[in-house]
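Contents: one structure, followed by commentary.
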C-alpha cells in the first residue's frame, strides 16, 4: 500500500486534533507534520508532506495555501470565509502550479452532503416539500445554515422542473405555525435540550412520502469526509469546490 | 358471553356506517337498530337497545339524548357542539334517571388520547417541549385542533410544576421558523401531500429526548374507542366526559 | 399543449381504474380507450391511441404488447412476470418497429424508486447499513420483496467499494434479534396493525447517521409514476426496463 | 431556600464526577463530601451529609448503605447487583432506623423510565406491539436489557388484559426477519455506527399507530433523575425501588 504523507494545519485546535487522530488511524496515511500557530510552514516541506489539511482561520488560510500551492503540496480545506474573490486568487496560484490540487468544502460530513444531494435530486418529483431541522437550544440562528441552503437548492430544482408552489389550503394560521419560507420551501426549526444537530426533508406525492433524515450526534463526523478528500485530491489538479465532486453520485 | 344490544344513531352516515360494521364484528354486541334521519326513535325501545351510539349532528343530538335518558338507554356520543350549558342540561336529565350513563367524548381514537395523556404526564419532567403536527395539505387550520389542545394541557402541566420557558437562544430568526407559540409550547405545522394526520411531541432533557408520536392513517381509527365506550358505559351512571375516564391509566 | 392520446388495458380492474382517473385528470392527456377482458384491441387503433398503459395479467400481456408494437403504439407496462425470455421476445418485436418504445417496470411508486436509488448510492460511504421495513400484519412474506431487493443492491454496492461487513460486536443474541441477513445487510420486518407499507434504510458512520424512509399510505401511489412513463416513452424507442431510466438522477 | 447537604460515594468515577457536577449546579443542594476508594465514610458524618448518592460497586455498596442507614443518612443508589436477598437485608436495617429512606433504582434516565411506563400503560389497548431498539455496534447483547424488560412488562400487561398474540400472517420468513420474541412481543435490534442508545415502541390498532421513542445521546442523562431522587428521598422513609415511585404518573 502506498502511504500518503499528510500534514495538518491547525493541529492543536479541537477540530485539528480530531483530524490528526483520524489520519493516524488511517492505514494508507502517515501523519508527518502537525503545524499550528507559531510553527514555521517549512515543517511541511522538510517532512515531505504531499497533502495538507487546513482547518485554521480565515485570517491565515490564504497564506497557508499560497505556501502549499507554490511548493506543489495538495490541500484539503475546511476553513470558512471563501468568497468568490478568494477562490479567484486561488485559481490564479493553481494555474502556475499545474498538477497541484486544492479542495475547498463548506461541509465534510458525508451524511449531510448526501442528505442535501438526495433532497435536491428528489425535489422535482414531488408536489410537496418541507424541511424540519432540530437542534440543541443554544443555537443562535433559525433556520440553520444547512436547512437554509437545502431549501434554496430544492427551490431552484423545483423551479427548473416547472413545479408551482406546494399545495396548502391553510386559511386560519396561528402566526408562525407554518414555519419560515425559503424559496417556496417551508422550514421549521425545533430547539430541544438533548438534541445535537438533525435535519429531516419531507417530500410527498399522491399516497406516498419520502423522508431523508440526517442526524449528527458527534462533532467528529467530518473526519471520514476529510480522509476521502485527502485520498482524492492528488488525482484532481486545480480547484475543486465541494466534497461531492469526489463522490460517485 | 352476555351480548349487549346496541343501536346506532346516524347509521347511514360515513362514520355511522363504520360504527355499525364494528359493532357487527364485535363478539359481545348485537346491532339491533340502525337509525338515521326520518326514522322514529322508537326503533330503539322497540328493539330493546341497551346502549346507543350517537354520531349525528349538533342540531339533533340533544333530543336524541333526551329520548335515550328518559328510556334508561345508555349513550356513547361523538357528536360535537357540547357547550357547558348543554352538559348541564344533560346532567339534569341524568339526575332523573339514576342508573343511566352517558359518555360525551371529543375524540375516540385511543392512540390520540394516549398521546395527549402521556405528553401531559411527561411535560413536567423535561425543560424542553415542542410539538410537530403533520397533515395533508387540504387542512384549513394550522396548528390542528389536537395540537393546540395538547400544547395548552402541556403548558398548564409545566406551569403547575414550576417550569419556566423552554431554553431557546435563538437571536436571528427568519419569521416563522420557530413555529407558533401556544402557552409556552412551540407548535410546528407541516402540510405535505401523501400525509394523513400525524402528531409528534418532543420532550428533551440533558442528554436524552422522549418522543411520543401518533399516526392516524385511516378514518376508522375511532371504532375501537367507541366499542370501549359501549362496554364501559353501563357501569358508569351519570355523565362522563372524555374516553380516558374509562381507561386504566 | 399537445395532448397525448392514451389507452388503458385492464381499465376495469382496481389499478386500471385508478390509472384511468389519473389520465383523465392530466392536462396533457386524452383518455381515448378503456379496454378490458372481452373488448377488441382494435379499440386502440380505431381511437388513435398513441400510448397504452398495461396493468393486466401475465397471461395476456404478451399478446397485448405484440398488437401495440406491430401498430406502432408505445406501451407503459406494470404487469408482472417479465422473464429474460419475455424481454428478449419483446426486443425482437421492437426491432421490427423502430420508433416504438416500451417501458417495463416492476415499480411505479416514485418515492420507493428514489429510496432504493439513494440507499444504493449512499451504501458505499457508510461502514454500517441496516433496513427496517414495516407493514400491516396481513403480509405473508418477511422481509418484503422491496426490502430484499434493496439489501441485495446495497450489498453489491458495498462489495464493489471494498467495504467489509458492518461492525457488530454482538456476542449474546436472543435468536432473531439481529434480524435476517441479506448479502451482508441486516433486515428487520415489523408487522403492526394500522401500518400500511413503510421502509427505512439506516446508514451510519462516525458520529452521524443518514436515514432514508419511504411511506406508502395509499395504493394509488403508482399513478404519478405511470404518467411520468407515458410522457417519456414516445421519446425512448426500444425497450426500457425500470422507471428510473426516465428520471434525472 | 433550604439547602440539602449531599455526599457522593464513588465521586471520582466517570458517573460520580458527573453527579458531583450536577449537585454543584443545583440551586437547592450543597455538595459537602466527595468520597471514593480509600476515603473514610466518616467524611459523610463529619460534614453533615443528609443524603448520599451511591454509584459505586456491588462489592462495597452494602457496607456503604449499612453506614448511611445506621447514621440516619438517606441514600439514592444507582449501583447494580441488588438481589431480593440484598433488598431484604436493607429493609431490616431500615426498620431499625425509622425516618431514614433509601431509593434503589436500576435506571435514572427519566426519559427511559417514562418510555417504559407509557409502553406498559398503552399495551393493553392495542392488538399489535413491537419494539425496535437501536444501538452503537460495540454493544454485546441483543436485545438490550431495557428492551427485554420493556417487552416482559408489556407482555404481562397484555396477558392481564386478555389480549391474545399480535396478529401476524407471515408464512414465508427469512430466518430472523421477524426479530426475537420476548413474552409475545417481537423485538428487533439494530446496530449502526454513529448511533448511541435508542428505543422505539410501536403500538397499532385499526387505522392508527402510537410510537414512543427514547433517544439517549449522552451518558449524563441520568443526572436529572438522581437530583429528583435526592429531593424526594427525605420524605419517603423505608425502602423504595424504582425512581418512578417518586414521579407523579
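Going in written order, the chains are labelled A, B, C and D, and every chain counts its residues from 1.
By definition in this document, a residue touches a chain if its C-beta (ideal position, glycine included) is under 8 Å from a C-beta of that chain, and two chains touch if they have at least 3 such contacts.
Composition by chain, UniProt nomenclature: A, B, C, D = 4-hydroxy-tetrahydrodipicolinate reductase.
These numbers were taken from a predicted model, which means no experiment stands behind them.
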Between A-C and A-B, the pair joined by more C-beta contacts: A-B
Most distant chain from chain B by Cα centroid: A
Chain A and chain D, separation of their C-alpha mean positions in angstrom: 39
Distance between chain centroids, defined by C-alpha means - chain A, chain B (Å): 47
Cα-centroid distance, chain A relative to chain C, in whole angstrom: 33
Residue list for chain A, restricted to those that touch at least two other chains: 111, 126, 194-195, 203, 205-209, 215, 217-218, 221
Residue ranges of chain B touching chain A (in the complex, touch as defined): 126-130, 132, 134, 137-143, 148, 166-182, 186-195, 202-209
Chain D residues touching chain B - in the complex, by the definition given at the top: 109-112, 114-115, 118, 121-122, 124-126, 203, 205-221, 223-224, 228, 247-249
Chain D contact footprint on chain A (complex, rising order): 111, 194-196, 215, 217-218, 221
